[in-house]
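Which chain is which? They are A, B, C, D, E, F, G, H, I and J, in the order written, and residues in each are numbered from 1.
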Amino acid sequence: MNKDDMTMAILAARKTLDVSWEALSEKVGLAPVFLTSACLGMNSLKPEYADKVTEVLQLDSEVSAALQVCPNKDFAKLVPTDPLIYRFYEIVGVYGETIKELIHEKFGDGIMSAIDYTMHIDKEENPAGDRVVVTMNGKFLPYKSW
Amino acid sequence: MNKDDMTMAILAARKTLDVSWEALSEKVGLAPVFLTSACLGMNSLKPEYADKVTEVLQLDSEVSAALQVCPNKDFAKLVPTDPLIYRFYEIVGVYGETIKELIHEKFGDGIMSAIDYTMHIDKEENPAGDRVVVTMNGKFLPYKSW
Amino acid sequence: MNKDDMTMAILAARKTLDVSWEALSEKVGLAPVFLTSACLGMNSLKPEYADKVTEVLQLDSEVSAALQVCPNKDFAKLVPTDPLIYRFYEIVGVYGETIKELIHEKFGDGIMSAIDYTMHIDKEENPAGDRVVVTMNGKFLPYKSW
Amino acid sequence: MNKDDMTMAILAARKTLDVSWEALSEKVGLAPVFLTSACLGMNSLKPEYADKVTEVLQLDSEVSAALQVCPNKDFAKLVPTDPLIYRFYEIVGVYGETIKELIHEKFGDGIMSAIDYTMHIDKEENPAGDRVVVTMNGKFLPYKSW
Amino acid sequence: MNKDDMTMAILAARKTLDVSWEALSEKVGLAPVFLTSACLGMNSLKPEYADKVTEVLQLDSEVSAALQVCPNKDFAKLVPTDPLIYRFYEIVGVYGETIKELIHEKFGDGIMSAIDYTMHIDKEENPAGDRVVVTMNGKFLPYKSW
Amino acid sequence: MNKDDMTMAILAARKTLDVSWEALSEKVGLAPVFLTSACLGMNSLKPEYADKVTEVLQLDSEVSAALQVCPNKDFAKLVPTDPLIYRFYEIVGVYGETIKELIHEKFGDGIMSAIDYTMHIDKEENPAGDRVVVTMNGKFLPYKSW
Amino acid sequence: MNKDDMTMAILAARKTLDVSWEALSEKVGLAPVFLTSACLGMNSLKPEYADKVTEVLQLDSEVSAALQVCPNKDFAKLVPTDPLIYRFYEIVGVYGETIKELIHEKFGDGIMSAIDYTMHIDKEENPAGDRVVVTMNGKFLPYKSW
Amino acid sequence: MNKDDMTMAILAARKTLDVSWEALSEKVGLAPVFLTSACLGMNSLKPEYADKVTEVLQLDSEVSAALQVCPNKDFAKLVPTDPLIYRFYEIVGVYGETIKELIHEKFGDGIMSAIDYTMHIDKEENPAGDRVVVTMNGKFLPYKSW
Amino acid sequence: MNKDDMTMAILAARKTLDVSWEALSEKVGLAPVFLTSACLGMNSLKPEYADKVTEVLQLDSEVSAALQVCPNKDFAKLVPTDPLIYRFYEIVGVYGETIKELIHEKFGDGIMSAIDYTMHIDKEENPAGDRVVVTMNGKFLPYKSW
Amino acid sequence: MNKDDMTMAILAARKTLDVSWEALSEKVGLAPVFLTSACLGMNSLKPEYADKVTEVLQLDSEVSAALQVCPNKDFAKLVPTDPLIYRFYEIVGVYGETIKELIHEKFGDGIMSAIDYTMHIDKEENPAGDRVVVTMNGKFLPYKSW
């Protein structure tokens, strides 16, 4: 079973059993962003988490095995077009140099890791319109001389 | 005075007077991300803030005027190459579909605004290596039917 | 049922029952642009509208469910080639800077929302050749400092 | 004098004399969109209008001559990045097929001209936030057989 | 029946019945360029012409219906590679500015329509090698001020 | 003197002396398309024609020498954006396969040369709007086996 | 039978009958480069050669018919990646201007035809490592004035 | 002195002294293709050859030094547009797979080197039109297992 | 059997028999990098090695034959997106000029062969985190004059 | 002083004083790859190393300051064209999937860091032709769940 079929199976089971990503991640014991990304084929799960997913969604062991495979993180479009995703791309374009200036000022020369990294998405209620809060947390990796 | 010359003048003054972005933003009364992005030419400042910048950095009124101009947010490369910036682009590629799933689950069909938007960058000290914390906060904009 | 199959089903039903987009949108109670875009898979419908579509077109509930799913707005070509669509792309290229100047003059720094947005297409009869009138109406979103 | 120098001269004069695009277009007797696009180098003006622009802005006849030259409408980026302009590009991507369906339904096979074309930008005041109204009006050009 | 299947059906019938494009266009009463482009899916035919095509080629009414549908003129490659087609692309690249200069000199600011347009391809016999003669005829569309 | 400076000198002289491309080509004894393309740097002239150009335009021998140099036919944009030039690109996209079918039907396998090639642009007066007539004439080059 | 199926049939027959391209071309009476390119779908064969190919390879007349069709020379990648093919692309990049200088010096302004063209590939034995010898022979086509 | 200035100096001296590439290469004792490519900045020369070039062209030692520098072989366009150079690119596109088949048949798996490589360009006189003969000779480099 | 089916068969057999790439390469007598690349379709194997692979993995002779075919090394994305692979692309971007400087300093003008080339990947245990060691070894190929 | 001017100053001093990269790195106490990359503007140096560079090369303190600035690692071409650099790009293309398979087999899901990374280039003498040995050493960064 490849990652695409795995994702199809999970999406179908979620719909049939009416399980939200949040409910699923709570039962599995992982953050929603990480769990969802693994179910969409962009991260791999450790066996105990993969088995938990298939148990909750009543799927067979092939799905669990597929969840454990190291994924090929192949994102198809150099410029994303979906408006929701494009806005994040635009933020990187507009604020990229700013982020670079401030990280260098606070930490010195180096980067924020996208591997030793966590992300959370929350809803902030607001009478003028609810707000999306995205929190990224990545290890600072300094460039070292050798 | 165009935006490029404005940025050059500000960078030179910061160096001469040894004023960090954080110190500057504190004196001006704006968040570091927003102030830095305006100084780099990617946002405009209201007159009172623009004047405050030039006062702190001992620059003349042409710089203040340039800071108030609506910028042309022209980001040059479709795929950024600087490793620090690229990692954010990669995050959008790898987690884009996940972000979309979770925002739709929490809020319904719509997007996170990149305009009614704030961003903060913080340092989280950690014995295993300090961490970069990026907090994005954008208004949810629902698609409406008409 | 995915969005592609949904669109195929709707197009087939329209042809069989000979229902125009205008007639369909009138019966459903939505503007033709919005309804057509939802039927082509580029917007989602609220349940009551989705059910109305399937009722008018004598389609089953799977189609209604598919109409309610948040779409992935993936437009395939960075430069469109169909002459009708290309002309709109050309208008954005030729008049983009002009639109920017005038919106900034009238509203200050900010953008026109493409989300809190409506569009109408009308026919203006004219002895020298009928004319297409496109009316776009989007909320102005000001950039705010923080 | 080429078109770039012409635009620079006009922008400088507007600033010195504090003349808005709307005020300028009213005095010249042309719509703001058309006049602004000509001043930015994307359209040519007839001699009487060009002379009127230089009269109002107190510029010499070289500027008038440059305004009358047929422009090379060279728009630089295949995917525009400025958020204000990008939103219009996104509208073409998201609603392109819809526009095509509805124009064909109303007019038959053909296109909306981008040459025999006018555009107006207006402000609609609204307590929930002012709105930008863009009205495009282009001649329908039918494909003919031969 | 979509346009691709329509084209396949026509090509197969032409081969079986051994009908050339010229012979077909003569019987239908349209120019070879226009008729061929419609059969290849890049233009639509009026009902009487579409029916004539299917009558000559002994095809059923589905083909006639498909010929009448407004096509999506989606040309796949930004830079064509087939040597015959590339030469025309090269001519546009090498002579584009020249064509622009001469049309502006003869007609003023405006363009040649590609919609109100006809094209013919003829053979000129020549002892030093036969020659291809392509005649394009398009309405001049002047830019107008508004 | 390189080709760019040569073109600048010729354009300036044409303006000063008020010589149209048509008048210039008539005096030199070449077709307007060919002569204009050479003056814009996309073709080379034989010495007698180059000298004639500089004589008519009262330019010195450096310009004549530059006109005789084999040009580097470097056309800048893969997709041209000027509307007048784009329409020709669109014609190649929309009618490319049709042209290929008809040339193969009339001549067999081969191409139309873009080198052994002439082009003329004429004005056809028409009460419903004047028309641009472009005539291309290129030698047929058959593919040969070996 | 389209060109892809034709190529598959020929490759399968070559393998079953163990016939090399050289042996095949010798029996057919054509050069290996030309014959191979036709079998791969990038050139067409005259009937007598096409019939000879199918006779040698014991294939039916459909293959012969497909070999006679004018091909669509659609090469898929603008920058080839296979190392063997890329090296030729690199040669064009590195030596392109040199080739241009030398052909202009020897022949005047014009090009080498890629249509009235032959190519041969030979093996030169050499104790320091055998060498590939590629000989291209194309008619010089002079640019002519008109 | 960088490579661009070096090339300018050489081209100017060639013109002043009226020395062809062939005459220059004969005096220096290298093949025209190699010598020209080095003078255009795409290869480096050994000291004795570099000195010989500057001696023949009466240039100073800086030019010789620049000729000896390892070049950065940066070719600017992924798809060349000059017709003479494009034809070679087209040959690689059309015949690439054929060349691959025949080299593998004659030599086994491997490539033709573009580094241990020579190239010659000759003129073949022919009453039906002179012909350009390009001879490429590169060492075969087999892929080896390890 | 084509290369894709060959790879699928090998991956399935590895999983069923639980044979790692290292174990497989040890039994076959080739380095893991080379053997894996051949199994993934990017290199060819000599018959004795191909047969050994199919013997170990209990696959039939078709797989062995496919392993011996010269591959088409077609890598799909100009900019790879998988983070593991992208890091190597980034290294080439960031250190490319450095590598060039140092190879030229040590060896003179020339390149490192990617054909007469071996590569090994090792694990270096380290209490601060294990490290990946990649060793590339390629023959230096000097540019020669001719 | 920006990074470009810094690099120019260093290259000029190296040439005047005849200091190789290896000699310079030995005196400074850093590896040649790292030091060269910093001098070419792709890495930053700690103050003590930057001062040592300017001491050895007899350059002033501005160069040292520029060496300490965090660089913008902007590599210009998506597909590098210099043959030496392209070969490394090709290795990433051809062996990318292989490297991925083997790192995952040895280390689990994760990547090799390009930041916590060292690289060395050595010469291996060999009677059949000297060889370039490139050793890359990067920390393994595991993907972690959260």
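Just so it is clear, contacts are C-beta pairs under 8 Å (C-beta built on N, C-alpha and C of every residue); 3 or more make two chains touch, one makes a residue touch a chain.
Remember, it's a predicted structure, so these values are computed and weren't measured experimentally.
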Can you list every chain that touches chain B and also touches chain G? I, J
By residue number, over half of the contact pairs should agree; on that basis which option among A-B, D-E or D-F is the same interface as H-I? D-E
Reference chain I; chain at largest CA-centroid distance: D
Taking each chain's centre as the mean of its CA atoms, chain B sits from chain J at a distance in Å of 30
Taking each chain's mean CA coordinate, chain E and chain I are separated, in whole Å, by 49
Please set out, as single numbers or ranges, the residues of chain D touching at least two other chains. 72-73, 75, 78-79, 81-83, 90, 93-94, 100, 110-111, 113-116, 141
Contacting chain pairs - touch in the sense defined above: A-B, A-C, A-D, A-I, A-J, B-C, B-D, B-I, B-J, C-D, C-E, C-F, D-E, D-F, E-F, E-G, E-H, F-G, F-H, G-H, G-I, G-J, H-I, H-J, I-J
Chain B to chain D touching residues, read off their complex: 72-75, 78, 114-115
Contact residues on chain J for chain G in the complex? 79, 81, 83, 86, 90, 93-94
Report the residues of chain E in contact with chain F in the complex, numbered from low to high. 20-22, 32-33, 36-37, 40, 42, 73, 75, 78-80, 82-85, 87-103, 105-107, 110-114, 116-117, 119, 121, 123-124, 126, 128-141
Given the complex, residues on chain D that touch chain E span 30-31, 34, 38, 43-46, 49, 70-72, 100, 104, 108-111, 113, 115-116, 118, 141-146
With touch defined as at the start, can you tell me which chain I residues reach chain A in the complex? 77, 79, 81-83
